[in-house]
Amino acid sequence: MRTRTSPGPWFAAPVAVFMLLCFAAPILIVTWYSLMPSRTFDLTGALTTENYRAAFTEGYTRPLLWSLLGAATTTVITALLAWPTAVILHRYAGKWASVTSALIALPIFISESVRLFGMSVFLMPRGGILAGSLNAVFGIQIGSILNTWAAAQLGMIYIHLPFMLFPLLLGVSLIPADRIEAARDLGASRWQTFREVELPLAAPGLLIGALLTFVLCLGANAEAAILGGRAVTVITAAIEQRFNYAQDWPMGAALTVLVILVTALIVLPVLSRLDLNKLTRR
Amino acid sequence: MTGARHITALRALWVTAILAFLYVPIMSVVLASMANTRYMRFPHKVWTLDAYREAIASFTTWQIHAISFWIAVYVVIFAVLLGTLGAVAFARFDWRGRSVFQRLLVLPIFFPQPVLGLALLLSLNAVGLAPSWKTAIVAHLVWIVPIVTLVISIRFFGYDPAQEEAARDLGANRWQVIREVTLPALWPGIFSGALFAFLLSWSNLPLSVYTSGPDTPLPVWLFSRTATNYSPLVPSVAVIGTLISALLVVSLALLLITARRLRAPRG
Amino acid sequence: MTPAEDVSNGRPVILSLAGLSKSFGSLKAVDDISLDIPEGEFLTIVGPSGSGKSTLVRLLAGLETPSGGDLFLREARITDHPANKRPTAMVFQSLALFDHRTVGQNIEFAMKMKGVPAAQRRQRALELLSLVRLPEAYYTRPVTQCSGGERQRVALARAFASEPEILFFDEPLSAIDYRLRKTLEVELKELHQRTRRTFVYITHSLEEAMVMSDRIAIMQDGRIVQTGTPAEIYGAPANRFVASFMGEVNILTVERGAAGGATFAEIGQPAEAPRGAYAMIRPEALALGDGPVTAQLEVTQRLLLGSRTQVHLVAPSGATLISELPGSAPELQIGTRHAFSFAPADIAWMET
């Protein structure tokens, strides 16, 4: 019931103040930094857009494109892996559903440095877990994808699969079983049922999963560092270099703002369309 | 019907493969920890738990765990306080501006964490604060408070606010309504929120890397030692750190079950 | 206004509403209602959704504060008392059971708030379980494991446990299937007769009200348009709104001619000595064959209702009427025309 003197704002206030100070303000400060002259460390210089010009002319579009490509690939592949898994868990797993879901959720709570390290010892050439075992058991010698872009890509899929799976599980549970039966009864093929009924009904879950995966991948750099062997430079790595080695904070800030802009362009339109109440209430 | 049985087997196989994909790397860490050589040559010639002995004897192991632990504890306290209040605003009341609040609050979840960490680092510099484990707490909270708020909100959406009116109607005062009806109904949400907060903080890498300064939490230490100066000590510490969080989850779950048994009235 | 003694048959008035009003912005949900409720009465307030009946009962329970008027409990003014300070208890539409508690804990809630010792609470809770016909074993059962009907009984027992002087019911049976609802209606009536408490019941179903109540008040747009016993309301609805609320009835319009005569507009027949602008004729009063007022009507639909048959009829003017006849009435086939009639004694007259 909507009351005129709702205490809602009072309860919202502490969180809102915290988020303004520690989320909104840093974004503003970074933006301010990005408008400072190159290689300055305070915020008192004359405003300039030089850093943004440099961002597009001095080869930073490549790292950004690598990150976007990695994020897009990961989103598509995790979605393809997660959809059948979610459907099986929701409709066919029965008493196994909750155990399996818990097992899939668990890795989220293990540090990604641990899991990526595990991936790297598994993929290592010669003495790695995979190569070593194959050699010892079957006498097969195999090469390794470690320290290539493919390994980084595999790591991104590995780390982000649970982030796609859980929203999708929520999405699939939004499809009432009778709607599928109704569609089949009305003559739809399996594919048509999927396209016309299941996908639209599960769309909110798929959307959230895709959004989450894409955005998290956009900033991911541990995968490229541990598994990719810096075969390619992703945007976060480029930003970090600007900050740490080049000591060019305004430039790093400008690149950060660009990533934030890309994120906002993707997230805000989707988020404005989602009905958060409906999703969490079910 | 062999066709149906094939499909069932295929489904089981698919899920097993997904689980294997998720767990093989984790098992690989355990296997790697049982070596005694700096360079991995699997299968190990000598299987040993020496690395664990070394890890337990090392001061660094305790230090990085202590840092991670205290960060996580403070994150839990603040995230639960802010998240519970936030959830009341998010889900219990309908007010002007609620939908804007809801959308803005979930924004940090949909934000690249390393970028957030860098932005915070820059801001700390701008206001003249040195990064340390305390600033890492703040960084973790930016990401974890929205998650905890959502977790508690879900509890609220299955909650009939008429319960509070019924309690009033049956003679409860405002404080009794909160103590007897609202908090007990919310308690499972607060509990899972606290658990989420602890585990997410304990395992966080991308925010800690940029905001913890000279204090090194467990995931950051593992990340840097993986890249340089590798030894079997690294996987053994990884296993110990993961076991500690698992132990915490299990013991909390047991505690909760026991508490529920004790509180249940005898019939 | 009717003097209090008349409606109460000498029983003292327990709750008195004096010009009670509640507005939400420009909407007057409850508009200047005055009503006396005698002790021990089963009063049902009936109205369609949006008529303000829920707001009214929430005002009585103290869950809303009125924008105007006063409320008296045994002549003491309680207008400003909050819900927890009123000796009343409500059974909510959603039941509002405490889902995290057992049946016993739900029932004992009011006693716990008053500080009644545990042993005493338990004994009373067990008594109440038997009052609402639930086995004692339910005491330790979580309410989430109870069926719909059992939850109704728990809500009832919980309300009784606070020893209320008045019990309010906000459509608690609306979400229950037909058969169970019928059973619970009868049980509620019996419970009222056994306990002699004052019940104020809210519903949108006049049928439900007829079964249970001593007196019915009908609400429309925030006002009470008629009060009376079920028989009074049935026999003489105050206006077309009340009449149409009873379900399928025929309402004919009286048209006054220039010469002083009057006719029923829909069937073009003379209306002798009309005592209102509208006439309500029940379907069973519209009989086959000639009579005092006769019309030629064509059958458009026939429905078998077990021992009776309902036919939908259309007059040459295009107006539709309904008649119910005993048996299967085989001659009333669709498309055939017959003479139907009713007697002036069967007419309930209405002004508006």
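A, B and C are the chain letters, set down in written order, and residue numbers restart from 1 in every chain.
Just so it is clear, contacts are C-beta pairs under 8 Å (C-beta built on N, C-alpha and C of every residue); 3 or more make two chains touch, one makes a residue touch a chain.
As the structure is a prediction and not an experimental result, all values here were calculated from the model.
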| item | value |
| --- | --- |
| Category of the chain touch graph - line, ring, star, complete, other | line |
| Reference chain A; chain at largest CA-centroid distance | C |
| Chain pair whose interface holds the most contacting C-beta pairs | A-B |
| Rounded Å distance between chain A and chain B, as computed from the means of their C-alpha atoms | 17 |
| CA centroid of chain A to CA centroid of chain C, Å | 57 |
| Multi-partner residues of chain A (each touching 2 or more other chains) | none |
| Numbers and ranges of chain C residues touching at least 2 other chains | none |
| Footprint of chain B on chain C - complex, ascending | 61-63, 82-84, 86, 88-90, 92-94, 96-102, 104-105, 109-110, 112-114, 137, 139-140, 158-159, 161-162 |
| Complex interface listing, chain B residues touching chain C | 160, 162-163, 165-173, 176, 180-181, 184-185, 187, 264-267 |
| Complex contacts: residues of chain A adjacent to chain B | 1-3, 6-12, 14-16, 18-19, 22-23, 25-27, 29-30, 33, 41-43, 81, 84-85, 88-89, 92-93, 100, 103-104, 107-122, 124, 126-129, 131-133, 136, 158, 161-162, 211-212, 215-216, 218-222, 225-226, 236, 239-240, 243, 249, 252-253, 256, 259-260, 263, 267, 271-272, 276-277, 280-282 |
| Partner chain A, residues of chain B touching it in the complex | 8, 11, 14-15, 18-19, 21-29, 31-32, 39-43, 81-83, 85-86, 88-99, 101-116, 118-123, 125-126, 138-139, 141-142, 145, 149-150, 153-154, 157-158, 161, 199-200, 202-206, 218-220, 222-223, 226-227, 234-235, 238, 241-242, 245 |
